[in-house]
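Multiple structures follow.
What follows is subunit A paired twice: with subunit B in the first complex and subunit C in the second.
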Partner chain A sequence: MNKISYYNRRFGYLLASPAILILVLIILVPITISIITSFFDYTLIDRDLDKFTGLKNYFSVINNPKFINSFFVTISFVIFVVLFEFLLGFLIAILLNKVTKFRNIYYFILLIPLLINPVVVGLIWRMFLHPQLGIVNYLIGFLGISPVNWLGDPQIAFVTIIFVDIWHQVSFMIILLLAGLASIPEEPYEAARIDGANEFRQFLDITLPYMRPVIIITLLIRLIFAVKTYDLIYIMTKGGPGEATDLISYYIYRSAFISLNLGEAASMSVLLLIIICVIIFPLFKYMNRADE
Partner chain B sequence: MKTIPLLISLLFIFNMNANAVTLRAVMENVPDTGFIQELLPEFTAKTGIEVEFEVMGYGEMHPKLVPSLIASTGSYDFMPVDFYWVGEFDKAGWMMSLDDFIKKDEFDTSVYFDSLMDLTGRIGDTTYMLPFYNYAMGLTVRKDLLDDSSNQAKFEDKYGMKLKLPTEWDEYLNQVEFFTDKDKGFYGVVNQGGKADPIAMEWSNYLFARGGDFHDDNWNGLLTSNNALEALKDYVSMVNNYGPLGAESFGFDEAFNVAAQGNAYSYLTYNFFLNSYNDPEQSAVVGKMELIPVPGEGGLNGAWGWSIPKSSPNAEAAWEFLKWVESPDIAKRRAALGGAPTRKDVFNDPDLNEQFDHYPLLKDLLATAKNFPLFTYTPQFVEVMGTELSKAVIGEQDPAVALKIMNDELEALAAKDGKR
Partner chain C sequence: MNKNSYIQLKELNKTFNETVAVNNINLEIYENEFFVLLGPSGCGKSTTLRMIAGLEDITSGEVIANKINISQLDPKDRNMAFVFQNYALYPHMNVRKNISYSLKLRKVSHEEMEKKIHWVSNLLKIGQLLDRKPSQLSGGQRQRVALGRSLVRNPVAFLLDEPLSNLDAQLRVEMRHELIKLQKNLAKTFIYVTHDQIEAMTMASRICIMNNGNILQIGTPKEVYEKPNSVFVARFIANPVNNILTTNIKHQNHSHNLECLNIELKRECLTNRDLVYFSIRPENFYIEKKNSEMASLKVEILQIENHGHDHLISSTIENNNQKIYFRLNKFHNLIIGESINIYFNTNDILLFDINSEEAI
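Right after this comes the complex of A and B.
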């Protein structure tokens, strides 16, 4: 019996080995190369991996006020977009969950922003938000509101980027959360109603506990993608005005492709990877606990 | 039996197609690319060589090109090179010398303006590029407003000088102030204050106009001079006092649209926009805009060059294309379509001078335009400039401090490049 299970296990490994090999090749190899590169003075102009600099790139990055600024701008951006997208997404998902008719139609409508390439989203909104010629200032003019400097004022530009990201990504939250809500069985609600629990009590004691794994995985995925936001910034603000919207991914891109300093860009990427791991680790832990 | 000749014919055709060369290149989505695309079928008919352009925005080009340039055999057979990639591409050794091709075919490079050959042609004694199109910057102003007698009288009354095409910087500043009427939604100037390239390129004109420069012959920075400070103060004032809302974030297309919709007196921009101003589909000021050299001490030069990467899979065929696209006939026809020429003979062509009455002026503009600092780290310096200028415009940085940071960075990068 033990022998059979031993051979079965080996056969299982054999079957899984191509997939594991592909994973190693497409995930671990590039990450390892990035980590190695981060310890070298490696630029696209001088592409010899022969100048080992140890932790110099890391110290240089940590002591760079522009990188630190990017880091904090990114943290603020991530907190705002993930929080607002979650709250708004959950609210809309709960409301839509009550609707039973035309479900396919609203699913399709919800999917539309997600299907648009972020570059196109950036271009569309940049056009809409043109202070003189854009439709947004034209429409708010009817309400007696003065034209707004959407992308030229540092504070407003930051809020604008958050708004556009929410517009683009909130559907992602809605769809995942809606799928989670639809999978909750009806029986606990019926029992709660018999016991006299109101809607809010049902939400707290049934919906939230059932939804916990979905919420965590949704937040997790969205958080990772929010940290990596690049396209919107590239198209809409180029990190400006000043450094108001200079997100870390765009900073890394500039380091790699404008300064051509791949060693430094790699060290930033590794730091970003560590930061993401630090953020998502508690969520993972919490999710595992919730599963148990 | 009949099938055998048919099969042989098919094999022959298949073999012909298999051997046919298709040249590939990344091209920017600008009018000059479109003009060449219109003429490409003629090149294919003449040489049998197909040409495929991957047309994209400027920002996508560099990241797209670099991986191909690093490879031993790249994806692109020839490439347009913006002037501020030249130092970097040269240092990395990515461009093929064109000297052997030029010698073999006796291609005459003396037809190009020296200023453009210095910018996107020769590096030292070697020719790596042929100037493709120029984008030297000039000032575009509303001639109809300058010609208005009522405006002339009011201006003379207020400033004690005649209202005319400005030749001095202070004269231009007065005109900007005079024409600004924000209540009516009309602005003396529209700026391209977005990061990083738009603001850096535009402000360079202000620097030159004020008599400033980036560095001396030994690459000692000159950006802490009074001229530079005045130039930056002018720029900050223009954007904040005389320009439309949002100019701090405008790229050239957005700024152009404000001017083209008739909402601004002036826009300091790339000379090829003059044709767009005169296109009724894009403009509400057809025939009203005049292009003039930047008042004061001159404006910024700019150009793209044609180059063949060392990693080009079809260098010979690529040279055939370059030779064709830069031949006198094709260069003239591109110009007739509205292209921005680089050859002197095109500027001297009587037909084109009849078609474009601004050619004599443009010729002067190219001959006198000043170059941006050209070295390996030009793109990196533009980034620093863009950020500091932008911070000065939005009031997050004192202009003098911004200039000091730019100056220090220029000197540090020049030293890193072995220039100092």
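Right after this comes the complex of A and C.
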């Protein structure tokens, strides 16, 4: 390497430094503080970082049955939500991909749920699903079904939350998958028709391989957001009834701002971060392989 | 070549909404011939080919192959091979799988499949590429694989939609030769769509020239070159240009004077016409008088283009101002602005009706 290019490299770093500095300030510093906090006995009542307790927070979190419960509630919530949103979204995207007219109009309609704030979505559905005053119970009354306590029964509440989340987020899947489908060229399908592939084989041998990177990135994004679901729970169930819908983000919020135990909340956040990384790492690897 | 019609198009029509893409065409393609559909973009040649393949629905009319009406059949049941302009390989399958995909769908036995792949890869010299993905191949290699994919099924005819237009010039010449060889070896019917008249002239047994969804002329390369039946064909089959000019005619007894060239022509067809199109190809002009029957024309040189193997000179006819091109295969000391005499045989003049633009 000659002197000029060495100088250029340094100049390049200098130019990139503001961006790197901002990244460090807004991402690395808070994460580091969280990790440090998780090793201390740090509450909102006693806010001195003077009692280093090592892994005590982690042990108490892991041994806490409520945390374990919310961990499994979150896992099943994420699996159901992402799976159904993906299957439903893909199906709708494939059907819409055949519709070439009014594309702008249905794109707009699809965008509407995504434009609504999750808190508002929660409020709307809480009203719809109100056992006595809600329109849902009113409408199913015509079918002869007696009123359902949508958010009051532990099992039903869990399903209800999943349903509302699907209603809110499925458009996201549809729009991304639709964009992916629209970008597949027409010729491979024509070649396959001449080679004798029926619609199903065309889907398996052309659509799916072409869609693989889009599918992975869509799943990845939805997975990360689903693990972090908070607003809906806060508005609709507050984790209840009992602990049936106590998602991990909501549990962390409660331990930080209701139990005021920030050290423990920080250790849970770190655990959550690790869990998310473990889930998405293989997907990332798979995606990079797909790009080759 | 067997002159029985093998693939036949009967009153074939295709309209997209209001637009007519293919207008009531009738066509007979013989067995084992290399048939080229030639025309400018948007002339309906690709649509015609896609209708033969079954990729495009037929608005009305019939496609007949081997005396069977296949108009309503699925593409796969027509047993036609199709080669796309941009190859349309399956990007996630390696070459072997690309080639054998149709066999796999037909549940051909493993040994049979291997035999076919072996045969195709030898024929097209792609044996060393079998385990690569299309993205790891060059344009020429991709085109070979696309050909290979169409070969394995032993189709009744090969339909090729501008297969060489994505290749560079050098490779295009090589692939042209290979395609001619392949067609001879296989002794199969090839229907080849192109907008490139050189491809058409060099490869075709017969050329069909289309424009605006209509067939203008069908003939051997020699026929369409020497006897274009319309101004459009005369202008289109020309490399790089043809001279299409107009002239007034003065009649004296049985001879007719083309004013523009100031020559007498004794052709019956000129009676009762006062204005015609005429054409003389640039290569039919000479700078020396080769025999006493040659007519001369005084022109002023406008521009000299050096094409390496020859020179294309544009000039204007004196006292007329119409542009005329001529080709000289040797370098002559010509100066721009200079007036010279060029010579031609009156037999080389082709005449076209001024209204219908058809040959007379």
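By our rule, the second predicted complex is superposed on the first by the 280 of 292 C-alpha atoms of A that agree within 3 Å, B and C clash if a C-alpha of one lies under 4 Å from a C-alpha of the other, contacts with A are read in each partner's own complex, and residues count from 1 in each chain.
Following the convention adopted for this analysis, a contact is a pair of C-beta atoms (placed from the backbone, for glycine too) under 8 Å apart; a residue touches a chain by one contact, two chains touch by 3 or more.
All values derive from a computational prediction rather than experimental measurement.
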Clash or fit: how do subunit B and subunit C relate after the overlay on subunit A?
fit
So if I put the vertex at the Cα centre of subunit A, how wide is the angle out to the Cα centres of subunit B and subunit C? Nearest 10 degrees is fine.
150
Check the residue A:Leu151 against both partner chains and state whether it touches subunit B (first), subunit C (second), both, or neither.
first
Determine, under the contact definition given at the top, whether A:Phe257 touches first (subunit B), second (subunit C), both, or neither.
first
Tell me which partner A:Tyr234 touches in the superposition: subunit B (first), subunit C (second), both or neither.
first
If we overlay the two complexes on their shared chain A, which of subunit B and subunit C does A:Asp195 touch? Say first, second, both or neither.
second
Kindly classify A:Ile26 by the partners it touches after superposition: subunit B alone (first), subunit C alone (second), both, or neither?
neither
Of the two partner chains, subunit B (first) and subunit C (second), which one does A:Leu143 touch, if any: first, second, both, or neither?
neither
Have a look at where A:Leu14 lands relative to subunit B and subunit C in the superposition and call it first, second, both or neither.
neither
Name the contact category of A:Asp205: first (subunit B only), second (subunit C only), both, or neither.
second
Tell me which of subunit B and subunit C touches more residues of subunit A.
B
Give me, in Å and rounded to a whole number, the least C-alpha distance separating subunit B from subunit C in the superposition.
52
Can you list the residues of subunit A that meet both subunit B and subunit C?
none
So, in the complex, the side of subunit A touching subunit B is made of residues 44-45, 47, 66, 126, 130-133, 147, 149-154, 157, 234, 237-243, 253-254, 257-260
Which positions of subunit C touch subunit A when the two form their complex?
53-55, 74-76, 80-82, 84, 86-93, 101-102, 105-106, 149, 153
Listed in rising order, the residues of subunit B that touch subunit A in the complex are 59, 62-63, 66, 70, 88, 91-92, 185, 193-196, 244-250, 254, 257-258, 261, 263, 376-377, 379-380, 383, 386-387, 390-391, 393-394, 396-397
Of all residues in subunit A, those that touch subunit C in their complex
185, 187-188, 190-197, 201, 205-206, 209-210
